[in-house]
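Should a chain be cited, it is by its letter among A, B and C, assigned in written order, with residues numbered from 1 in that chain.
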Amino acid sequence: MKRTVPLIIAIIAGFVLLIANFIPFAEGWGLTAQEWFNILAVGAMILGGGNLIKLHLKKVSSQRKGWGYSAVTIVCFFGTLLIGMLKWGVHPNPLYANYSWSGYYLESGSGLWWIYQHMVVPLTAMMFAMLAFYVATAAFRAFRAKNIEATLLLITAGIVLLGRTYAGVWLFGWLDWLPEGITHFNLAGIPWLPIDFYSLQFDRLTIWIMEVPNTAGTRAITIGIALGVVATSLRILLGVDRSYLGQD
Amino acid sequence: MDKSLETPKKSNNTIWAIIFIIGAIMLIWSMTTSRTGQVWVTAESHSFSENPDGVYTPTQAGSGEIEWTTYNVVPENELTQVAINNGEATLSWSRTIGLWLAAIFTLFILSFLVGDNPAYKFAEAMVVGTSAGYVMVIGLWDVFVPNLLGKLLPGVVQGWALPGMSAEYISFWWVYFIPAILIVMLLFQLMPKGGWISRWPIAFFIGITAGYRMIGYVEADLVAQIKAGIVPLWISGEGGFEFWPSFNACLLTIATLSAMVYFFFSVEHKGLVGRIAKVGIWFLMITFGASFGYTVMGRIALLAARLEFLFGEWLHFIPSS
Amino acid sequence: MLHALQNLDRRWIFLSMLIAVAIPILAKTVFPEVVSKQAKMVFDSIENLPDGSNILLSYDFDPASQGELLPMAQAFTRHCSIKGHKQYYMALWPLGSPMVDLSIDTIESEYPDMVYGEDYMKFDYKAGGEAVIRMITQDLRGMFPLDSRGVPLDQIPMTKNIKNIQDMDLIINVSAGDPGTKQWVQFAATPFGLTTISGCTGVQAPQMYPYIPEQLAGMLGAIKAAAEYEAAIDAVYPSINDNPKAQEAKRRMGPQLVAHGLMIGLIVLGNVIFFVSRKRGQA
């Protein structure tokens, strides 16, 4: 019951999708399963929020070090939730003016909008913007050309860093001063072997790096990941992998 | 431990003092030359009256049964003293306080660069709480109410929050009790006992995800990518044989195959296989170098956007976008 | 000197990065942009469609990547509006919905002749990621019974004849991660052959190259590509040059150049310190 029923549910759910993909008759089953999945995803959000509160409430009640910050988290969470759920400051939808709850919960000027605009946006955006600083220290401290592979990585990074800015064009501005016969010619006079020194401009070289070596390496990784995902999914659908069922 | 990685505590006070002095100078300069952090708005009235069909339609301001006012922000470059003097534009205290709080919170997060401090921890606690609460509100209004409650109680939802929805039950509406029950079962994960009940909805998630991923990855990442990797190696155009496109095609094929050989760990990487794998690593290093370059570009853009907010919208040193 | 550099307080590096980004912003440094092949492909995908085509725009990003992706999202909005394409907005990320609102604000302020429901409209956020994509490739109304204003799709002129997204002429995805471009390629572009273009972050862009051009008709990778796309629009529609909001990505390239130069300098300096100290250690 504790492990068998969930196992059967996982197998049936997965196979319903596979069958729905290949048999038009079963397409409706797949659509229903997808709709339930989307609704259940909201349940996962509620679970995530609940888990967060449970963790922080424990910290506050046991008065562990830093419990004050947990209290801030709880207050912010419930404050945002209440303001959003109650649609504080939200006016009715102009199409249905007599329905006071019909308005858009994120209407400009409403309580939730204020929280989003002045708390969520600056805090999350600045959190991620901090990575720019850490990437600079990482470049200074950790990026060492110790071997051929590391050197290749650093040279490529340097070309891409310059190539994706105006510097990629500007650094090769001196090519414009050279006569065309030097910048464009056929190697050893062979008509199908043209040499164009402008191709070495970092911006063009970057494009070539992205389209050829990067595409090749990423394609290999993509195919490898796809094989791994197929193997893992098959193991789940055939009931071989039961790690998601947890321990009894 | 590498001493250079420790934040020297002695210099912290000096650094904070310098930062506060520079910040104060910038703020004073900004406040003496512009309307620092002020948000001015114009008001717009909305009035509605019931027509003979029972529908509420817009009517002249001041004469409606239902009325409210919305506010539109006046951009700084369009705000004139005339508009302020004659009352067309008014200072919005909620948005002004909000803008100052946004700037202060941004600086709280930035302060982590000097060293861990209570301001950063406070901001960190806030971002966790508000983000989690915000996501739950979105889930409630965008999914839970229309897609679940709207199926199980269409009349109630139609009369309360979604008047545009049909109040009729759809056929087989009762199957939506199943996801509702699954959500309740999922929340048993939070209980000290009975956590095993949540395995049913989790298993449903896992099964559906496994099904999706198999279909998506096989079609798009396996078959389509193998197909895309098989390219002509001899490319001719109007002028005959084209060397560089052919060279690129050959290099692409060699690089893809050698990188795939590297990932094949069932055979020991010795001899010929080892040499091919070595070439594959070189191409993978070029891939990672390109990824690093692009990643740096992305991070710096995020920082530039935040500084534009501080210098533009808050301090008015530059025009705000 | 070597010892000082080896033990350099990392806050000096933080300060140098801050200055490298701040000064070009304050100096309003802007550089000319050369439109690359990728940006041209994306531009042509929208430009070559007949006016009034149906375009689905999915904003799968949040405020954390707003600095990188919002300029290209707004550029897509302006380009589609200039061409008179019908724009259908949606979001697969919870915090993507307010990003759509910013584009709608742009339409309402810069293209006031456009009418909601006839020229542009917005779907609510729905949870589920690839499940949403999968569903709307077959049944739009099953996932979105109403639009974001609570109006049934059958009552909206631009959606009443739309059964699913296979009726769209182009899908534009602005993506910061998962769910995002990869899922649109896997569940919409590849199985149904839907023409899809993407704008994605610098972190994601290199991973999307294998999909071009068979599965992804074009891609804007990071802020540089967004600046090139803005330049492409400016070249064909010069009047947009007068709109400073339409040059946001170009403005962000100024600090990029200085900061990238700093990054290369730091990498070179770090390696010089490493090799010199290794040599002295061996001596």
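Of note:
We take it that a contact is a pair of C-beta atoms (placed from the backbone, for glycine too) under 8 Å apart; a residue touches a chain by one contact, two chains touch by 3 or more.
Because the structure is a prediction, the values reported are computed rather than measured.
Among the other chains, C has the CA centre that is most remote from the centre of subunit A.
Interface comparison, B-C against A-B: more C-beta pairs in contact at A-B.
Separating the centre of subunit B from that of subunit C, both taken as means of CA atoms, is a distance of 12 Å. Inter-chain centre distance (subunit A to subunit B, centres taken as mean C-alpha positions): 9 Å.
Within subunit A, contacts with two or more other chains are made by residues 34-35, 37-39, 41-42, 44-45, 93, 95-96, 102, 108, 116, 120-121, 124-125, 127-129, 132-133, 135, 139, 141, 154, 157-158, 161, 164, 210-211, 214-215, 218-219, 222. Taken residue by residue, subunit B touches two or more other chains at 5, 113, 134-135, 138-139, 141, 143, 147, 162-164, 208, 212, 217, 221, 225, 228, 287, 290-291, 294-297, 299-300, 302-303, 305-306, whereas all remaining positions touch fewer.
For subunit C, residues touching at least two other chains, in rising order: 8, 10, 14, 17, 21, 64-67, 94-95, 97, 126-127, 131, 134, 143, 149-151, 206-207, 210, 221-222, 224, 256, 259-260, 263. Those residues of subunit B whose C-beta lies close enough to touch subunit C in the complex are 3-5, 7-8, 11, 15, 113-114, 134-135, 138-139, 141-143, 146-147, 150, 162-166, 208, 212, 216-217, 219-221, 224-225, 227-228, 287, 290-291, 294-308, 311, 317-319, 321. Across the interface of their complex, subunit A is touched by residues 8, 10, 13-14, 16-18, 21, 31-34, 36-38, 62-67, 94-95, 97-98, 101, 126-129, 131-132, 134-135, 138-139, 142-143, 148-151, 206-207, 209-210, 221-222, 224, 253, 256-257, 259-264, 266-267, 269-271, 274 of subunit C. Subunit C contributes residues 6-11, 14, 17, 21-22, 25-26, 28, 64-68, 70, 94-95, 97, 124-127, 130-131, 134, 143, 145-146, 149-152, 155, 183, 185-187, 189-191, 201-203, 205-207, 210-211, 214-215, 221-224, 244-245, 248, 251-252, 255-256, 259-260, 263 to its touches with subunit B in the complex. Residues 27, 30-31, 34-35, 37-39, 41-42, 44-45, 93, 95-96, 102, 104, 106, 108, 116, 120-121, 124-125, 127-129, 132-133, 135-137, 139-145, 154, 157-158, 161-162, 164-167, 169, 203, 207, 210-211, 214-215, 218-219, 222 of subunit A are the ones that touch subunit C when the two sit in their complex.
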